[in-house]
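Okay, so chain A shows up in both of these, paired with chain B first and chain C after.
So, the complex of A and B:
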C-alpha cells in the first residue's frame, strides 16, 4: 500500500501542475511579460495615475495566467491599495450584465449591500461614484476585461463609461483588456479609442528550447521528503533521457508545428502522464508516442472507416458526379448515378435514402441551401465535405470495402 | 439503514443496468417512488451495487481500450483533469460507459442531457438543481432551485454551488480518513457531464453558449471540477470563428462486425443456433448499416423465420451440419427482401403486423406487394380535395407554358394526336428537362394557376352529368358545379396544414403567395386511380 501511494502521488502531482496555469508561467526575467506587466501596473499604483493595457496573443499562450500571477504579487506588495474587478466577455458582453457585475464585485469588495433590483443607471452611476471615492482614498481599481473583443461588440457603453470616468482627476484605475484578436483596439469606436492608451503586450508561443525547459519544469519531481529519494532521482533521470531523445524531439516538433502554444503542449503532457504505468511508476517514451497518436485526430477519416458499404457507394457516386463537373447534386441525381454505375447488389430507394441521411448526420455531406422546410430531402442540394484524397484513404482504411468499389474510385481519380 | 438504502438507489437507469437486473430494478424504482426524503451528497453518485472494472469491460464487447482510456484520463482519486470530449456515432456506448465508470469509481457527477435540457435556461437550471440537491415537488411549487437566464448569473451561482459541494466532499473525506475507512471514498472531485452535446449547435444562442461551455473550465478555474462532453459528432463539427481551448478527444469507433456479433449473441437462448443464423445473415446486413439498433430490429423477425422449420422454435437444439443446410435453404429467399425492409418503420399495430407478415410470405412476394400498394389509399379525403391535390401535382410538375394545350376543353386528348416523332434536338431538350426535374424537384405555382387547372379538371369530370342536367332544368346544372367548387380555399388550407401542399412565403414585391406540391408521383397515381382520372394523359413526358 505504501508502495502504491507515492506512485499515485507522483501522477497526481504532475496532473495538478498541468492543470495549474500559475505553475507553468512563472518567469521572473526582466524581459518577460511578467516583469513588464508588473512594472506598468505597479507604476500606476505608486504614481496614482490611470492606465489601460491590452494583452494580446493566441489562445493558450498564458495571458490570463501571467496576469493572475502579477496581481497576486501586487496584492502582496500593496494589500490595501488595490481592488480587482474581473469581467469576462462571454458572460458580461451586454452592458446591463457588465455594470451589474461590477456593482456586485464592488459591493463584495467593500462590504456593501448589493441590490439585484438596481437599474442600469444606478449601477453605472455607482461605478463612477466608487471610482471617485477610491481615488480620493488613494486606492487603485484594476479592471480585468477578459475576451476584450466581445466587449467591443455592440454599443461599447461599458468601455466608454469606464474610460470616461478615468479621465477625471481623482480616479485611479487600470483597465486590462485580454484578447486573442490582434486588431482588438481597431474594434473600438473613435470616442472610446481616443481614451485608450494603446499600450500592448504581445504573448508569443515559446521556442523549441523554451518548450524543452518547460518540459523539465513540468515533469520532474522535487527532491524532498514527499517522495523516496532514490525513486525521485531515478524518475528525473528517466525524464531527462526522454526529453533528450532524438525520436522524442521529432515527435514533439511534429506536434508543436501544428500549434506551438503552451496550452496545446499541456494537452499532450496530460495525455502522456495519464498513461504512466503505475506498476513501474515511471514515464516512458511509449507514453508520449501513444499520447501523440491518440490526440491527433482525423475525424473525417474516422467517419469513413465507420461507413457501411452502401454509404461508401453513395459517397463514390457523389464523387463521380463531382468529377463530371456537376456543380449541384441531390439524392435523385445520386440515385441515378447509383443505378447506372452499380449493376449488382442494389438496394431499395428508401434504404438508400436512410443511408443518405446517415451520411448527413455524420457530416460527410451537407445541405447547401438554408431553406429547411420547403423541399423534401430528395430534392435538397447537397455537397461533399471530403476531398478525393480523403475518400481514397477512407476506402482503403475501411475493412468492409469491396475491391470493385476501390477500382471504381481509382478509375475516376 | 437509511443511508445504506440511499446508496443502493440507482439514480440513472441505463440500458445495460436495466437489462442486467430487471427484477431488482422494479423493486428499486418502487422504493424510490415512496421515499421523498431530502437529497444528500450521495445522490450525486451514480448508485447501484459496486461494479468492478472487469465487469464493465465484459459488459461492453469491443470497448476495452476506450474504457481504459477514459479511466486513465479521469485519473486516480482527487486528481485534476483537463476537459474530455468523448465522441462517436450513435449506439457506440459512450453514455452507458461513462455512467458505469462513475458507478465503478464511486465519484459524484452532475449529468445533463442536452436533449432533455433543450435550451440554455433549462440546462442551467438542471445543473444547479443537481448541485444544490434540489428536488422539484409540490412543497416548493415545482420551482427550480435558482432562476437564472443570463450566463453571468449561471456562472456566479455555479461557482457558489460548486464551492459548497466541494467543501462538503472535503469534510466527508476527512471524516472517512479519521475513521480509517479505505472503502467508500468518493474524493473531492465533482464532474459535470454534458450528454448529446452536438445538439447545442442548433440552439438559438449557440454562438454564445458553445464558447461559454467550452471555456467553462477556464472560467471556473477550479481544479476540483472535471468536465466531460459527450457528442455523436466529432470536434471538427463545432465550428467557431473565435476559437477555444480544445478538450482532450476520446474516440469511440463504430463496432466491427465481430463486435456486433458478440453484442447480438448476448441474451440469446440458443447461442449456437443464433450463431449459425448470424453466419448467413450478418455480413449482408452490415453492408447497409452498422448501427446496433437498426441491425437488432431488422434481424429479429428474420431469426423467427429462420427457426420456423424447427419443432421447438429454436429453444434447445444445437444445429448439426444437415440442419444448418436445411435452415439455410429455408431462409435464403427471404434475406434479399429483408435487406430492403431494414429501415422501414411499420405504422401498423403489432397484431396487424403479424397478420400482414403471414400474407407477405405467401405467393409471389414482390408482385403482391407492388399491386397492393398501388391499389390502396391509406387515408380518406373528399373528392374535391382529391381533384385539388391532383391539380397541385400537375401545376408543380408541368411547365406553365403547356397549360394552354393540356387544359383545353377537350381534356388533353388533342395533344396526343398532334404528337410527332421526336427529333434529335427534341431528344436533347428532353434530357435537359429530365435533369432539371431531378435537380430542382417540384416547381412552385401561384394560386390562380391552381384554381384554373382545378376548374378545368372538375369541368372535364362533370361532362357526362352535364348532358343529364340539360335534360332537366338550368338550375340543376349550376348547382352541380357549385357543389364541387364550394369551400375550395378552405380545403387548400387543410391540404397545406397536412403537408400535402407547401405554402411559400409571400413575395414582398409582387405580394402573391406561391405553392408547391410535396406528394410523390406514386401517391398522385393512387389518388387519380381512386377517382378513375387519367393522370398520365396530363403529365408532361417524353
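So, the complex of A and C:
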C-alpha cells in the first residue's frame, strides 16, 4: 500500500509543478524579464517617481505569470507602500465601467464606501484625488491593464487621464500594460503616446535548449525524505535518458516547431504526466509519444472516418469536379458526375440528397453565400472544404471504403 | 584595511535610501522666483558651470535620485526655456483684453510634448501678477480639460460654475442660454474671465455646434471672457469653424513648433544646471537631442530617454559590483595580490553617462520589436511568414487561408519537410494575427478567411536571412 502512495504522490507533485507559475518562471539572473520588471517597479516605489511599462509577447509566454510573481515579491517587501488595481480590457473596455471599477477597487483597498450611483465625472475626479492623497502618503498605486490593446480603442479617456495624472508632482503610480500585439504603442492616440514612456519588455518564447532545461527542471524529483532514495534516483535517471533520447528530441522539435510558447510545452507535459504508468511508477517514452499523437488531432480526418460510403462517393465526385477547374458546383452537377462516374450500385436521388445534407451539417462542404436562403438545397452553390491530401488520407483510414473508390481517387490524384 | 572599506562601500549600495518627500518638491515650486535668462547671460552661465562642476558619484543613492528627479516629467522647471516668444504673444493678448475690458479668443496648436500646457500655466501666473501690480481687478481663471467632460456641452456648465453667478437666475434655462443672456446685458461685475480649454478637439461633434457656440460667446456685446483653446491640429479653426471668418471673430492662432535640436539641448542643460554635478557627457546629450529632434521634437521623449540612459549606467554599476565582489573574494584568499586591489578598483570607476549608454537607451526606445519576434518564432510559423511573403510578392493584396495553405505546402515540399495539418496551420495564423504580424479576417468557415500582410517584406527578409534554411526560399 505504501508503494502506491509515493507513486501517486510523485504524479501529484509533477502535476502541481506544471500548474504552478512560481516553479516555472522564477529566474534570478539579471537578464531575465523577472529581474528587469522587479527592478523597474521597485525603483519607482523607492524613488517616488511615476513609470509606465508595456509587456509584449505572444499568448502563453508568461507575461501575466511573471507580473504576478513580481507583485507578490513587492507586496512582501513594501507591504504598506503598494496598492494594486487590476483592469482587463475584455471586461472594462469602455471608459465608464473602467473608471467605476477603479473607484470600486480604491474604495475596497482603503476601506471607503463605494457608491454605485456615482457618475463618470465623480469617479474620474475621485481617482485623481486618490492619486494625490496616496502620493502625499508615499504610497504607490500599480495599475495593471490586461489586454492593453482593447483599452486603446475608442477615445482612450482612461489612458489619457491616468498618464496625465502621472505627470503631476504629487501622484505616485505605475501603469503596466500587457498585450500580445507588438504594435500596441502604435495604437495609442498621439497625445497618449507622447505621455507614455516607451519602456517595453519583450517576452520571447524559449529556445530549444532552454525548453530542454525546463523539462529537466520540471520532471526531476527531489532527493529528500519525501520519496524513497532509490526510487527518486531511478526516476531521475530514467527522465534523463528520455530527454537525451534522439527520438524524443525529434518528437519535441516537431511539437515545438509549430508553437514554442511555454504554455504549449506545459500542455504537452501535462498530457504525458497524466498517462504515467502507476504500476511501475516511472515515466517512459511511450507516455510522451501518446501525448504527442493525442494533441496532434485532425478533426476533419476523424469526421471523414465516420462517413458512409455514399457520402464518400459524393466527396470524391466533388473533388473530381474541382480538379476540372469547376470550383463552384451544386447538387445537380454533383449528381451528373455521380451518374457518369459510378456505373453500378447507384442510389436513388432522394437518398443522395439526404447524404448531401449530412455533409453540409458536418461542415465538410458549405454554401458559398448566404443570400440564397429561399432557394432549394439542390440549386445553391456549394464549396468543398477539405483538400485532396485530407480526402486521400480519409479514404484510406475508413474501414468500409470499397477498393474501387480508392482506385478512382488514386487515378484522379 | 582597504578591503574592509571596499566591502562596506559595496554593502551600503544595495540598501535603499530614505524616500524624498514629494511635499518638499511641491513647496519648492511656488517659492522659487522665476528667472528670465537672457541669451547672452545664458551663454555665460552655461560656460562657467561646465568648467567648474565636479563629477558626480553614481554610487551615491542620494545624488542618483536627485539626478533622476531633475529629468522627470513631473518636475516643472521654474522658467520655461525656448518658449519666451510664444508666451509673450499670449501674455500681450491677455493683457490687452484685461486692460480694455473686451473679450477675445485665441487658439494654440502644436504637436504633443511641445510645451503648450506648461506655457499656459506660466502665462496665467504672469497675468495675475501683472494685474495685481497694475491695480486692475484680478481676472477669474478657469481651466478645463475637455477629455474629462462626459458630454461636450458640459463645458458651459463648468463655465457657469466658474462664474459663481447662480443667484437670481432661472434654473430651467440651459447653461448656454444662461451665458448668452448674461453676456447680452450689462452687469455690475467687472472681472474678466480667462478660460483655458485644453484638448479642444474633444469638443468636436458632427454639427460642430458646441465649438461654434463656445467661440461665439466672445462676440456678444457685453462678453467678459477671454477664451484660449489648446489642441494639436494646426488647421482646427479653419476646418471646423469656417463661419467664424465670415463673422469676423476668428481666433488668433499661435503655433508651437516642434522642438529643434538646439532647443532640446538647451532645455536639457537648463534642467541639469540645477544639479551641482555634471552627470552627462556633452556628446551624449547632443546625440539624444539630435535623435529626438529628427523623429518627433517631443520633449517628453527626450526626458524619458535621458532617464533610461541613467538606468543603463546604474545597471552597469550593479553588474560591476557583483563582479567586483567575486574578485574581492579571490583577492582576499591569496594575499600576494593584496597590493593590486586599489589599482583594480580605480580602473572600474564610473563617472558620467557616455554616448554608448545613450545609444542603448535610444535603440531601446525607438527600435521595433518585430525583428526580434520573427527571429524567435517557432520554425513552422517562420515558414508561414515566408510563404505569405512569397504569396503577396506579386500584385495580390490579400488571399484566403486555403490559398495560403497551398503556398505553405509548396514551400515545405521544396524544402523536404512534412507540412503541418490545416488545423495547425489555422492555429499558427491565429497566433501570428494576435501578435499583429498578419491580419486575419472574420469568416464562419476557416479556410475562407481573408489574410493580408501587416509588416514589411524587408523586415521578414532581414529577420530570416541569417538562418541557412531560408536562404533558398527568400
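Operating definition for what follows: the second predicted complex is superposed on the first by the 406 of 413 C-alpha atoms of A that agree within 3 Å, B and C clash if a C-alpha of one lies under 4 Å from a C-alpha of the other, contacts with A are read in each partner's own complex, and residues count from 1 in each chain.
Assume contacts are C-beta pairs under 8 Å (C-beta built on N, C-alpha and C of every residue); 3 or more make two chains touch, one makes a residue touch a chain.
It should be emphasised that the depicted structure is a prediction, and the values quoted were computed from it without experimental measurement.
Trainee: Just chain B (first), just chain C (second), both, or neither: which does A:363 touch?
Mentor: both
Trainee: Now for A:399: first (chain B), second (chain C), both, or neither, which partner does it touch?
Mentor: A:399 sits against chain B, while chain C stays out of touch.
Trainee: Would you check which partner chain A:134 touches, where first means chain B only, second means chain C only, and both and neither mean what they say?
Mentor: It touches nothing on chain B or chain C.
Trainee: In the superposed arrangement, which partner chain does A:59 touch: chain B (first), chain C (second), both, or neither?
Mentor: After superposing on A, A:59 lies in contact with both chain B and chain C.
Trainee: Touching A:306 in the superposition: chain B (first), chain C (second), both, neither?
Mentor: A:306: touches chain B, not chain C.
Trainee: Have a look at where A:20 lands relative to chain B and chain C in the superposition and call it first, second, both or neither.
Mentor: first
Trainee: Check the residue A:191 against both partner chains and state whether it touches chain B (first), chain C (second), both, or neither.
Mentor: After superposing on A, A:191 lies in contact with chain C but is clear of chain B.
Trainee: Using the superposition on chain A described above, determine whether A:175 touches chain B (first), chain C (second), both, or neither.
Mentor: After superposing on A, A:175 lies clear of both chain B and chain C.
Trainee: With the touch criterion stated at the top, can you tell me which chain A residues are shared between the chain B interface and the chain C interface?
Mentor: Touching chain B and chain C on chain A: residues 59, 180, 297, 299-300, 363.
Trainee: Which residues, counting only chain C, touch chain A once they are in their complex?
Mentor: Residues 16-17, 19-23, 25-26, 29, 65, 68-69, 72-76, 111-113, 145, 147-148, 150, 199, 202, 232, 296, 298, 300-301, 304, 307-308, 311, 315, 318-319, 364-366, 368-370, 372-373, 376-381, 402, 405, 420-424, 427-428, 431, 434-437, 444-445, 447-448 of chain C touch chain A in their complex.
Trainee: Under the stated contact criterion, what part of chain A meets chain B in this complex?
Mentor: 8, 11-12, 15-16, 18-20, 59-60, 64, 88, 90-93, 97, 100-101, 104, 149, 180, 263, 266-267, 270-271, 274-275, 294-295, 297, 299-300, 302-303, 305-306, 308-310, 328-330, 332-333, 336, 345, 347-348, 350-351, 354-355, 358, 361-363, 373-376, 378-379, 381, 399-400
Trainee: Along chain B, where are the residues that touch chain A in the complex?
Mentor: 69, 72-73, 75-76, 78-82, 87, 89-90, 150-152, 155-156, 208, 211-212, 215, 218-219, 223, 232-237, 242-246, 248-249, 251, 253-254, 256-257, 286-291, 339-340, 342-344, 435, 438-442, 502, 504, 516, 518
Trainee: Write out the stretch or stretches of chain A touching chain C in their complex.
Mentor: My answer: residues 30, 39, 43, 46-50, 56, 58-59, 119-121, 124-125, 135-136, 138, 155, 157, 160-161, 164, 166-170, 172, 180-183, 190-191, 193-195, 197-200, 202, 204-205, 207, 256-260, 296-300, 363, 366, 383, 385, 387, 390.
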